[in-house]
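Read the structure below first, then the notes.
Order of writing sets the labels: A, B, C, D, E, F, G and H. Residues in every chain begin at 1.
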Amino acid sequence: MKNVVITGVSGGIGKGIADQLIASGTSVIGIDLHFNEEIKQMAALLSDRLFLYEYDLMDTDHLSELIKRIVSEHGKIGGFVHCAGFDKMFPIHMAKITDIENLWRIHALVPMVIISAISKKQNHDEDTSIVLISSQSAHEGAMGHSAYASAKGALEGYLAPAAAELMEKKIRINAVCLAPVKTSMSGGWMDKMTADELKRLLESYPLGIGEVSDASNLICFLLSRESRFINGQIITADGGHSVRKV
Amino acid sequence: MKNVVITGVSGGIGKGIADQLIASGTSVIGIDLHFNEEIKQMAALLSDRLFLYEYDLMDTDHLSELIKRIVSEHGKIGGFVHCAGFDKMFPIHMAKITDIENLWRIHALVPMVIISAISKKQNHDEDTSIVLISSQSAHEGAMGHSAYASAKGALEGYLAPAAAELMEKKIRINAVCLAPVKTSMSGGWMDKMTADELKRLLESYPLGIGEVSDASNLICFLLSRESRFINGQIITADGGHSVRKV
Amino acid sequence: MKNVVITGVSGGIGKGIADQLIASGTSVIGIDLHFNEEIKQMAALLSDRLFLYEYDLMDTDHLSELIKRIVSEHGKIGGFVHCAGFDKMFPIHMAKITDIENLWRIHALVPMVIISAISKKQNHDEDTSIVLISSQSAHEGAMGHSAYASAKGALEGYLAPAAAELMEKKIRINAVCLAPVKTSMSGGWMDKMTADELKRLLESYPLGIGEVSDASNLICFLLSRESRFINGQIITADGGHSVRKV
Amino acid sequence: MKNVVITGVSGGIGKGIADQLIASGTSVIGIDLHFNEEIKQMAALLSDRLFLYEYDLMDTDHLSELIKRIVSEHGKIGGFVHCAGFDKMFPIHMAKITDIENLWRIHALVPMVIISAISKKQNHDEDTSIVLISSQSAHEGAMGHSAYASAKGALEGYLAPAAAELMEKKIRINAVCLAPVKTSMSGGWMDKMTADELKRLLESYPLGIGEVSDASNLICFLLSRESRFINGQIITADGGHSVRKV
Amino acid sequence: MENFFELAAEIFEVKPEEITMDTVFREEIEDFSSLMGFSLIVMMEDEYGVKVSVEEFLKCKTIGDLYRKCVQE
Amino acid sequence: MENFFELAAEIFEVKPEEITMDTVFREEIEDFSSLMGFSLIVMMEDEYGVKVSVEEFLKCKTIGDLYRKCVQE
Amino acid sequence: MENFFELAAEIFEVKPEEITMDTVFREEIEDFSSLMGFSLIVMMEDEYGVKVSVEEFLKCKTIGDLYRKCVQE
Amino acid sequence: MENFFELAAEIFEVKPEEITMDTVFREEIEDFSSLMGFSLIVMMEDEYGVKVSVEEFLKCKTIGDLYRKCVQE
């Protein structure tokens, strides 16, 4: 496998996947709004394995061109994981259209546009594997997360029909449903919870809050040929949250 | 129950629900882009039971005002069913951002904005019941329907967190997952299928293509107090499609 | 609809369904181990609507004969709801084979044998509708309920293939997934919980513990022609439990 | 990880898992009714890695003793995969109680009894991982497979409550939902299908009939620490069957 | 032979007297299904210990053809 | 200040005139929820660019306490 | 005309120069699918305002047949 | 009595000799859980035919307290 495109590659999970892939000899194409020094140096060091593209994903109109450019510079794409994203919590009666729209744009529209570009014959390898990241919040009473959950739901609803079409192009696509991993993103709203609320939240994760590797192990398995028979599935890694004792 | 808001009230399913509710003595507030003569006369006849508002739902910016106006003119809202909508089929490699966006707007953003407005204390009754309409295409390999399925998925992802929040306001919300009912909407793409394709499609519906009443019976049950204990659920009425013999 | 067979007809839910059906003019055939005076008198009064058969369901070897006898005495069967059953809680390391087996026998084998008998051409009407009763405990971390949940899972696994086969015989089959309703059965283990445990349990049911009518309304809807397009589905009525706030 | 118990270790999938585990240095304890020469020689060769126990699993009454004996001879158990099993197809109106019972016994009761024994403090390591094998037939209209699907459903219903309890003992448990892999078991009924029926069946598996490795790769991933955050989940590997184009 | 008729009749969901040695089951049995055909093969195997391949089975046109497989072999 | 009252009132789902600088919101606002508290912090951040830690927020008893965070800092 | 070729080529996932008026698309286009056929009908409707019935469409053998529908009508 | 110890020990997942009449099970038994408590009530009912209410059970501090319920009544 080569040329795995990862959005949000500077973030916790994106970075974790990139490290794991590079370690196993797979070349990574990282896309993000800004890159910190650490990852820039990493790219300089691994000039044949890690390629960075600074791009504002919210500018969806030029995304297909970006993919085209990536393919022209590095060859066909062999995998894709969409890690970029943010969450915003608010009660339903306070929902603002722009917030709902921005959450949908980054979590659903962006990957759909990138996948549409990758799906074109000239842009992807055979046995390309795509992994989408969904969230348990789309399946439970996650107070205040309705817009975020809806954006993730848009991904889950896209999965089955997309899998059927992409299968004919030798592309697999699956989704992982993750519990909040303590990253800057989840931090965003966790920091606004009282000690009690946070305690209550943590208690609902019997195996604790996940490590980045808990997400990246599963995602790398789904990217690899090891999982060639798994397609169109949503796989949950939530530290026992959904089967916690009631 | 009174003041059930129905979007797309001139369409097959919307009209069927309105008829059933009015027959049972419930007042209906119909919203649609245009109204045909038939329904206008119906409204004239049933001037105390059916109230029509001509409005372009794609203009989401003024939706909350519309709800506010409805409440000021008819009192608090007791129910909501979002029937307005359209489908557009295209292969993933041909997906246009505007198509993806319009499908999401009408199927997901519009109901989310209306529900946000209804959820405000002064706009809804106690025991208000909301029914969203999803589709099997979000759960199977519905070739060419990926954008439509994604829009429906956005509704399904919204459901659980919304149910949790709205429960505290005494509002229930559920979704029905329907097989294509032979209405103008499904007609749109069915007419573009060859005899063979259509035959293959129909064969996958052991109990045939649904009548409008198959949808409205379930939806009216979910709107009524009969179902007071059902909340946050997705209920499928697909004529045995999902359990067809394999 | 006529001749709806109800097992456990003296129990809370079975009794509720029988009352509702009889009130709507449907004849009911009740099966139970023993009948209390109340229901015996009811049967005496409604000698053309309610017929009682005292039978020990655990004696599965003679169940098909019982069905045969019922048909010979009252004509073809038009519906079936399996309400008989009990729960037994124990930790997994204490599980006894006989307990596991008895729970499976009453909740899964018994309805499977009855349905097999009903499915024979001469024993059922056209448009016969069957409703199985499952439980949320098969879908969540219900401590101590693993054997009970397994028995309910056996029903859920049976549902889809059975629906496909029975559809060809014009029989529909669906399942309802209920939250504990305060009946003698749930009472059995609820009485062994400490005040704190019970409080914790009740808190997880935002709409409270269900009334019998919450179950019977849904089940009677599924038995009726109103739901003719719903087949092979599991419908949850759990008072918002599965979407409770997290 | 050491001492992974595998039932049906002479069969296609069981053998595949054993090979993969042994290759990675994990000791395997194989249980089966009979052992062929091949595996006997393998055990002789790998006398420190593969240990065989000839046992008739249908004799559930002495299963816990078997586990006790295994622990006394090899130390605590570190994993368990239940591969033993058979399928029997028949129409619902022909269902025999003994067939239903035997299918449930081998697919559901046997693993439940083994897990109950393993769950005892003295019998399992920390970080023990259990994998159950379910089937798509429990989720679709698998004509003639209703009893088999019910037995698999019994496993799926057991999963969530068992996961909650076992988590407190540091044991994980997950299930894989596999498409028919061309093994002697599936062969059993596939051989009784006409060319047309078989063609129709195979067409519904876009990625073809699975290799043993497609099952064992996923199962070994779930046994390993790589998946430590995945618990109580059902993961489907069905070659795109459930998202095949409709 | 009666036993065979009874077993077949149960699969077809008809009365034993409704079938004869000459019944062309695929045509004459109302909604004959592939699952019924499958059940016949299983029945012959379970009750008569006769393994009939699908090919052979497809060659059998009448109840008699099936019956002879069970007795002769 | 009116603007702040309007924003807070919208979160509380009351009329602006129903709250004053001295309203002890956690007690006086009908079904005040943790999600409302959360929304206040977000509102102060979005509208006034003031990052208030949960600790500081919990110290605020009245609407006035919140308001002063936004103007003074 | 070039525009039409570009649109068709995008649907077929080939280069415009790879197709001509005489291309028998159902045979000559590699893995031509019903979804591509569907897309052609939609394209003709969206870009040329021509409503082509499925029957008419099935009569069209070459790219030219399709193109003429769009210009002539 | 031995029998009672064995049954209790199985619930606690300890060896019978590890418990005595004076064992304060809620404190001295490693990870004692509510499910274990539940199992004790069920065991006393199944094996000794003694129905102990939750209130009574909570009053029992030692194994002896439980045992006496079974013998005396």
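Here is the rule we use: contacts are C-beta pairs under 8 Å (C-beta built on N, C-alpha and C of every residue); 3 or more make two chains touch, one makes a residue touch a chain.
None of the values given here were measured: they were computed from a predicted structure.
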**OP:** Return the chain pair with more inter-chain C-beta contacts, choosing between A-G and B-D.
**Re:** B-D
Original post:
Just going by residue numbers, which of C-H, A-G or B-F has an interface where over half the contact pairs are the same as at D-E?
Top reply: C-H
Original post:
Which integer distance in Å separates the CA centroid of subunit E from that of subunit F?
Top reply: 80
**OP:** Mind checking the centre-to-centre distance between subunit D and subunit H? Centres are C-alpha means, answer in whole Å.
**Re:** 37
**OP:** Starting from the mean Cα coordinates of subunit A and subunit E, work out the distance between those two points in Å.
**Re:** 57
**OP:** Go ahead and note the Å separation of the Cα centroids belonging to subunit A and subunit D.
**Re:** 32
Subject >> For subunit E, residues that touch 2 or more chains besides their own >> reply: 13, 35
Original post:
Which positions in subunit D touch two or more other chains at once?
Top reply: 91, 93-94, 120-121, 140-144, 159-161, 163-165, 168, 232, 240, 242-246
**OP:** If two chains touch, include that pair; go through all of them.
**Re:** A-B, A-C, A-D, A-F, A-G, B-C, B-D, B-F, B-G, C-D, C-E, C-H, D-E, D-H
Original post:
Inside the complex, what are the residues of subunit B that reach subunit F?
Top reply: 120-121, 165, 168
Original post:
In the complex formed with subunit G, which residues of subunit B make contact?
Top reply: 89-91, 93-94, 143-144, 189, 191-195, 197
**OP:** Can you check the complex and tell me which residues of subunit G touch subunit A?
**Re:** 13, 31, 33, 35
**OP:** Over in the complex, which subunit B residues touch subunit D? Could you list them?
**Re:** 140-143, 201, 204, 240, 242-246
Subject >> subunit C-touching residues of subunit D, taken from the complex the two chains share >> reply: 60-61, 91-95, 97, 100-101, 104, 108-109, 112-113, 115-116, 119-121, 137-147, 149-166, 232
